[in-house]
Structure formats: structure tokens, C-alpha cells
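Next come two complexes built around subunit A: one with subunit B, the other with subunit C.
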Partner chain A sequence: MRTRRHIGLGAFVIIVIVFFAVPLISLLVFSFTGADGPTLDAWSSIVENPGFYSALGLSLTLAALTTIASLILMTATVLWVHLRAMHLRALVEGITLLVFAIPAITLVIGATGLLLGLAPWALGSPLILVPFYVVLSFAFTYRALDAGVRAMDLQTLVDAAQSLGAGWTTILLRVILPNLRTALLGAAFLTITVVLGEYVLSSLFLYETLPVFMAEIGTAEAQGAAALALLTVLFTWGLLVLVSFVSRRLGGGRPQMTVVTT
Partner chain B sequence: MTTVELRSVRKTFGDFVALHGLDLNMTDGEFVSFLGPSGCGKTTALRIVAGFELPDGGSVLLDGADIENAPPNKRDMGMVFQDYSLFPNMTAIENVAFGLRVRGQSASQMKETSGKMIEMVGLKGKEGNYPHQMSGGQQQRVALARALAIQPKVLLLDEPLSALDAKVRVSLRNEIRVIQQELAISTIFVTHDQEEALTISDRIAVLSQGQLEQFGTPEEIYRHPATPFVAAFVGESNIFHGTIAGTDDAPSVRIGSVEMPVQQAAGRTSGERVRVLTRPESTYLHVTSDGDRKGIPATVVSQQFQGARTRILTHLDHVEDPGAVILTDVTGGGHDHLSGGVQVDVTFDPATALVASAEELESATVAQ
Partner chain C sequence: MTRSRRIPAWLGLLPFFLIAFGFLVWPAYSVVLQAFVDSAGAFTLENLSAIFQAQYRDAFQTTAALAFITAGIGAIAGTIMTYAVSVLQRPRFLKSAMATFSGVASQFGGVPLAFAFVATIGSAGLITTWLDDIGFDLYGTGFSLLSFWGLVIVYLYFQIPLMMIMMSPAIEGMRAAWSEAAENLGASRWQYWRYVGIPLLTPAILGAFVLLFANAFSAYATAEVLTSGTVNLVPIQIGFFVQGNVFAANSQIGYALALGMIFVVSGALALNLWLQRRVARWAQ
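After this line comes the complex of A and B, so read on.
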């Protein structure tokens, strides 16, 4: 019985590995494929293309700013909901999902019309993408932080800290945030992956982020797009490993509050 | 000196009235338990004292001063919660030192005080353990040390033992009492466990449906329950159906065909249908002898040996409450003659028996 179960589990693991590995291996092989056999042309053309660095730099800048804004906004929201407005939890959850019900083109046209009237200068900077990315990442950050807060019995910890004389700043810095570290890292990871993978908004606003650059390369040079896609996947995986490593180091050996999966 | 006084404290949550004007005062160094079933308002009252809830009306006085406007972190009260509430990111010693750090104590002061507290609760050697590396009892000891480390004016204990297993619960409650007496700290202890409350309290406030039913010493609460609710909730009670008889000078209740003296029957209308509540240890059995009727006729059903005492179960023979089981506790040996089927007469202590109307008793039972 146990042997049969082991065989079943082994088969499942092999299928999963094949499912994920085959496309990646295919991408890798394809990126080295040239008309006259294996070549590094696709990779060298990316590395030598100045547009790659500006696109990467822009995407990373947007990712950093979005992550900071998203974490501040959603941490405050989640704490407020859990401490003061539990009855609004379902509503807030619903609001975070709204973005999936609104087509990106609608979002952009609506926002552009509004901004042209109120602050037309804002459209001249790629930073205009940040609030949109924050909205896009709502659902992921909210859920990651919500799971972290639910795992820590927030209300009782706050009550305990208050009864010991702590004010809100102390409670936030010494009690809440240290116990939300893993959730915060998970939310940051999700936000970064959302920004690094977002294409529609940035192309509609005519800014060349990494996905837009990748699409442009793809139209002229399929191998280059494959190499870029592989780079992005490896970067994301590297980030995931980093998040796990950092959260384990910061956790001091105690159990982690939450695990976030993409 | 620390006194706590609650004056007409009211609190509602939507349509639910959690407290209907609670009046209560405790003296310096006193250990007071709030006892009652779930939803009786005991935790709400404690949270109002702690400052976590604001009353809709009334006031809370600490040493005679109204503390309504003081936030929880300025009330100088240490609190221990039901579910430990240790900070998971801190070790035992860091948890204990938290309140001291907030107060700006020096590192050496913090170390000394925290160490003393850890030692006092018997956790020397566990200072570096994180909460998840400790048992429930150990975590609650750390929570107690943490609450006491700040030398609070009042210690608030919100069902601190209810998540622990029976053995740890008994040992920790005794430790809490010893420490409380050593430090002479005014303490409010919330519990739904009557045994806990009776064992460690100086006084007990029995609450039901947001109202104070009785506030007295454990002995007063048990031996002289002020209301049917207290009689039914604290300890076990026998219930006899009867009607008021006798006079105010010689009050009695007719139960079946027998008139039994009951002091609390005084002042009630003759002929009023009532219930008489008695404790098993204040209820007595007499073997019937022909022509010598001493009490209410009954038949022994069985005996239960319970170590220090023997419980005897009897059925009343009279028709008004057929099948009613009367419990009698007797100590010592020599009760073999009270075996099943033996005819007996039941009597009770007329001074401690409680009289209630059927409606009063019914509402008390519903409240539980």
C-alpha cells in the first residue's frame, strides 16, 4: 500500500517537474538557436541593446515605488479592518478584486480623461504608472497581509502591548511589523512580480517597461524575446529564494506567520 | 493603596445589553472574581476597567479618580489574557522586559527585574525560549510575569486558566493566588469556573445577563445565595416544589403533605406556589420509622461513593414533582443502610434554604 502511494507521489512530482521544466528548457534551447546552429546572438543582442537597460531600470524603479506605496497603503488598510472595522472585511476584499472586473483600456481612458483635466503634467512621467500598479496589486498584497494578520491574533497582541504601556508607534514597530515580516516580504514579492509582468497599462501609456521591450524585441527577434522571458523567470525565482532566505533569517528560527504562493 | 470602583457602568453592543449599570467596589489588595456564564458581561466589565472598551454610561474609579479618559496604556494595569498573547517575535525574557522597555528603564534594571519575575513564576532557565518553544502553562506564566513586571496598580486576569489542562490549571491558579498575596496587588479575575472562583477569591461578583446577582465572599455566595440564579449557577441545588404556609413569625413551605420550616418564606403570600432550593450538604435523610414522620417522604435510588463524601440520590414520593431527584451529601462511613429502595424522610437546613417563584427560577435557568 505504502509502495503504491510512493509510486503515485513520485509520478506526480515527475509530471509537475516536466510541466514546468519543458517550457523553460525549450525557451533556453530556442534562445540559443540560430540559422546556422547554436549561437549566443540573441543573448548578446539583448546585452548590447541600450533599450534593455533603460527598460529594466524603469521596471525596477516602478517595482520599488509600487512596492513601497502598496505596502504602506495595504498594511494600514488591513490593520484598520482587523482592529476597527471587521464588519467591512468582505467589502474591502471585494474592492481589492474590482480591478479584475475592469478592462485595462477602460481604466486608462478613464484615468487619462481625469488627469488631462486635473493634472496633465502627470501623464508626462512614467511614475503615473505607479498608482495603477498599486491598484493592480491590491488583491495580492491584501490577501498576503490579511493572512499574516489572521495568523497573529492581532487584537490580543495590541491589547497586551497597550496594557503594558505601549503607544501605537511602539506597537507597530516592535510588535506588529516584526510579526508580519514574512507576510510583508510575500506581499512585496507579489507586487514586484505584478509590476515586472505588466504589459497592457505601460504600453497604453506608451512607456517602455521590460514587458513592452520584450514584446517589441519579440516582433523582430523571437530568440531575443525567449532569452528575455527566461531572464525574467529566473529573476522572479531568484527573488522568491531571496524572500524565503531573508524571512528565515529574520524569523530567528520561530515559525513563520504566513506562506505566500504565486 | 489601590481601590477600584465601578459606578452604574452600562455597555451595549447594538441591541445587546452587555452591562445594565454595574456597581461594584474592591478594596486594596483584594482578589475579586467576576463569575458567570458566557455572555453575562464579565469580560466586558474587565475590558472596561482595562480601558479597551468605553462604557456607554457610568464611570470607573481608580483610587477615587475617574479614569474614563485614560487610554489603556496610561491606566497602569497589567493584564493576562486567555490565549497567552505573548509576542511571538520575542523570547520569554524579552516579553517580560517589554513593559519595562516602554517605561524607559535602563538595560541593567530591565535585566534584573525581568530575571526576578521569570524566577518568581518558576521559569528560570527558560529565559531564551520563544513562545512556540514553551507549553501553554509556561507561556501563561511568562504572561503573568510580564504583567507583574511593570508593578501595575491592578492586575487583570481574563480567564487565564481556561486554555490549560486540568492539572496545570489547578497548580497555576494556586501559584497566582500565592503571588497575588505576596505582592498584595488588587486583582480582578474573570472566570466561568465556579470552583476556580470559590478557591482563590476574597470576594466573588456573580453576573448574569449583564447584572450583578451577588457580590460577596465565596462562603456567602455558596452558603447564602442571594438569588435563584446564584443558587443554581454556583454549586448544585435540590429543588422542591411547594406552597407558602405558616406565618411571618414561623415561616414555612408545604411540600407535598409536609410543612417544612424555611426562613426565607417570610414575607411571601400564603398559598403562593414556590420552589425551595437547598444544597446537597444541607439536605438530610432520616430513615422512616412508623408513625414518626420527620420530613418529606422519599425513596433512596442509589449511592455514589465520591471519596471524601458519599452522595445519596433519592426520589420524592409526593405527587407534585414526581421523579424529582434529591441529592444528599454525607461524610464518613456507615451509610450502607441507605441502599436502594429504603424509605426515608428528607429535611433541610431552614436557615440556608432559598425560596424562589417558579418564574424566578425559570429565568435563572435560562440565563445559564
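After this line comes the complex of A and C, so read on.
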């Protein structure tokens, strides 16, 4: 009885796993497929395309800047909330969740109108994307860091350090941040994936980030776009494995790395 | 006491509030404002009434249908998957593998996802050619990846893992004692699910369902790259307004569409919060 029931479930699991595996396998095979048999054409055309390097450079630059800005802003915010402004915690968390109520495309139309009216020069540099990306990753960074702070006894640590004569710089650098390492790592990972995958803002603000470049070459050569898509997926997974590995070595448990927020 | 005590509590949060205001709240507020004025800045309800024109009404209906269908299938498949993973004992690695996988797959969206499906069931995709070789013409049946039902398949790729992530706490929380108690009282498997399991899981499933709905309703990148407008969706229509690709006399309609979208999505999120409170009641 029990096993018969599980055969149905097992079959269902296999079907779903196939559904998830086939597109990934297809990406791999398709990127090596030419008009007459296997070929490296798609990969070599990517490698030889100067647009690829500039798009990659732009995406990585934006990812680095956003991650730095976001970690500084959100670490300061979360620590301040826990140490000084617990009564504002619900408000801060509510604001970070607001991102989900305002779809990126509506943010774009509102922001474009404002920027064109008030500061059209700001649209002239891709750096304008950074504060928007900081906002888009709010919910992820906040939750990862908040979980990290809750996992340690912040107030006690601060009191203990102060009673031993430590100043705020020492407390921050030698007590708090070392305890937040895995949370910071998880937050950084989420921010990087948000930025590297972001298409709505960069395409409509007309900046050629990696996803925009991918979409562009995809119209003419789908194989090249498939190669790039595969690279993106492998890079993200590699990063995920690295982050999990490093945080296990740090012994801080598994950082929060899923996108779900409620 | 210490020096920092003199700084008012809200001041330390000022950078956060300023960024949130400047790059999130203000643009959203601008959408609301612009939806109610004409291009000269005078108050009007014409933009909002324009979204009831056939073209835009159709966009809202199509987007809602896409979101509803993918959220529905995603919710059912994701729940069964989560349940299956929790009861299947073998293979041993299944549980941790699926947990990692659903985290990773739910991150796999946007442009790369679109091309993964082009490579699979696009007109020259792997499965399409393979089916052709065994004598089945997929595109001959009228199917196309670049259509409504094509998008349904693609969206399921992120909806199902998202459902699994959201449902696993609720499913893990179902106690074996409940099903044993039902069995001892002579309930069949079906009766257990009909009268105990499903009713208990319903608020959690519904809460996750509306979140999936909001998620699919907001999605832009995948649909834009795949269909470039052949499927009439609200986010794509708003994109046309941003690009200036509209021949409408009234360019303010874009704001009205965006307002409608914010209304639908935040309504779904509010419903989710309400349902979550109901989940919390018995989960303790």
C-alpha cells in the first residue's frame, strides 16, 4: 500500500526533474550545434565579439559597486535598527518589502519621467543604475543581515566589549563584523545575482549590460545567446557553491540565499 | 551616557530612508501622480479610462490569465513536489538536492531562461528537432514558444521552485501524528487529505499562490525577449511607452497602466500578508 502510493509520487518527481533538467542540457548541446553538425562557432563568435567584453565589464562593475554600496548601507541600517531604533524595525522592513509591490517596469516609467524632467544628465551614465540596484536588492540584503544580527546576541556583545574598554571602531571591526561574515556573504551573493541578471532597467535606460547584450545577439544567433546563458548559469552556480563552501568553513551556518521574502 | 546616545534614533536611518525615498517611493508616487494628469499637468481621468480601451483591457486580461494559470499549475505541482520530497526516503540525497536546486532554479530567470527554452522548444530547439526526427511536427500542431502557452511553460520553470521554497515550512510542519491519528480513527488516505491535510494547508497554499500570481504579473524580461510584444502583456505595453514606441496621442496612458499594475500586484501582496496571519495561527 505504502510503496504503491509512493510509485506515483516518485514518477511525478521524475517528470518534474526532467522538466528542469532538459532546458539546461539543451542550452549546452544547442550552443555547440551548427547548421551541419557540432561546431564551436557560437562560442568563438562570442569570444571574438568586443561587445561581449564591454558588456561583461559593465555588468561586473555595476555588480561590484552595488554590492559595496548595498552592504555598507544595509549593514549600518540593520545594526542601527537593532541597537538604537527597534521601534522603527517594522517600518524599515516594510520599506524593504515595498520593492515587491512596485514591479521594476513601473519603477522604470516613474523614474524615467522624473529623471528626464529633473536631471537628464543622470541618464547619461550607467552609474545611475547603482542606486536603483541597491533598492532592488533591499529585501534580500536586509533579510540576510537581519537574520545574521538576530543569530548573535548583539546588545550583550556590545556591552561586553564596551565594559572592556573598546571603542565603537574596535567593536564594529573586531566584534560585530566577524560575527556577521556569513550573513554578509549571503547578502553579497544575492546582490550580485540581482545585478548580473537585471534586464528591465538596464535595457530601458539603454545600457548594454550582459543580459541586454545576450538578448541583442539572440535575435540574430540564438546559439551564441545560448552559450552566454549557459555561462551565466554556470557562473551563478559556481558562486553559490563557493559561498556555501566558504560559509561552512567560517562555521556560521548556511547564509540565507533564497529569493523568497515572505 | 555614551556619545552616540545623543544622536536621535531616526538620524542613523537617514541614508536608508533617503535612498528608499529617492529611488523607490518617489518614482512610484510619480506614477500615481502622472496617471491623473494630462501632458500639460492638468487633472484628468482620461488616462485611467483609456486603460479600458480594447487593447489595454486585453493586455490586463492576458497578463492576469498568464499569471493565474502559471500560479495555479505552479502551486499544485510545487506542493506535490514538496510533499513528495518530504515523504520519499530514497534516494537519500533527494531532500537536500531538491532544497539546493529549488533555491538555484528560482534564481534562473530573465534573459538566460528565455534562451534556455529557445534551445529546447524553440523552432530549432533540441526537443523540437528530436520530435521532428521521430515524425512529430511540434510547430505543425500550432504550438509556438513565442505564444501565450509557450510563456506558460517557461514561467513554470521559476514558479514551481518558488512554490517549493515557500511550501516547505508548511509541509515540514505537518505532523506525522495527524495522519496516524486519522488512520487510527479509520480514515482512508483520501479522507485524511480531504478533511485534514488539504484544509490545513489551504491558507499556506493560497498565500503562496497569490505571491506566484504577483510574481508572474510583474515579470518583464523573459516575455520581452521571447515574444517582443506578440503576446499582449501589461509590462510589455508599459515598456513601449518608456521606449517611446507608441503612436498613442496620449503618452500619459503608460502611467495609468503602471498604476493599474501596482494596484494588482500590491493587492495580491496584501492578500498574502492576510493569509500568512491565518497560517501563523495554527503553525505554532
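The rule is short, and it goes like this: the second predicted complex is superposed on the first by the 211 of 262 C-alpha atoms of A that agree within 3 Å, B and C clash if a C-alpha of one lies under 4 Å from a C-alpha of the other, contacts with A are read in each partner's own complex, and residues count from 1 in each chain.
Keep in mind that, in the parts below, contacts are C-beta pairs under 8 Å (C-beta built on N, C-alpha and C of every residue); 3 or more make two chains touch, one makes a residue touch a chain.
This structure is a prediction, so every number in the text was calculated from the model and none was measured.
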What is the contact status of A:L173 with respect to subunit B (first) and subunit C (second): first, second, both, or neither? neither
Quick one: classify A:G197 as touching subunit B (first), subunit C (second), both or neither. second
Looking at A:D153, would you say it contacts subunit B, subunit C, both, or neither? Reply first, second, both or neither. first
In the superposed arrangement, does subunit B or subunit C reach more residues of subunit A? C
Please indicate which partner A:V47 is in contact with in the superposed arrangement: first for subunit B, second for subunit C, both, or neither. neither
Is A:V22 touching anything from subunit B or subunit C once the two structures are fitted on A? First, second, both or neither. second
Taking the superposition as given, does A:A161 touch the first partner, subunit B, the second, subunit C, both, or neither? first
Applying the touch criterion given at the start, work out whether A:L123 contacts subunit B, subunit C, both or neither, answering first, second, both or neither. neither
Contacts of A:L242 with subunit B and subunit C, given as first, second, both or neither: neither
Where subunit B and subunit C land on the same part of subunit A: residues 162, 257
Note which residues of subunit C are touching subunit A in the complex, please. 2, 4, 7, 9-10, 12-13, 15-17, 19-20, 22-31, 34, 77, 80-81, 83-85, 87-88, 94, 101, 103-120, 122, 124-127, 156-157, 160-162, 165-166, 189, 207, 211, 214, 217-218, 220-221, 224-225, 235, 238-239, 241-243, 254-255, 258-259, 261-262, 265-266, 269, 272-273, 276
Can you list the subunit A residues touching subunit B in their complex? 152-153, 156-157, 159-167, 170, 174-175, 178-179, 252-255, 257
Complex contact set, residues of subunit B against subunit A: 50-52, 71-79, 81, 83, 85-89, 98-99, 102-103, 130-132, 143, 146-147, 150, 156
In the complex, subunit A touches subunit C at residues 5-6, 9-10, 12-13, 16, 19-20, 22-27, 29-31, 33, 73-74, 76-77, 80-81, 84-85, 87-88, 92, 95, 97-114, 131-132, 134-135, 138, 162, 168, 193, 197-200, 203-204, 211, 214-215, 218, 222, 225-226, 228-230, 232-233, 236-237, 240, 257-260, 262
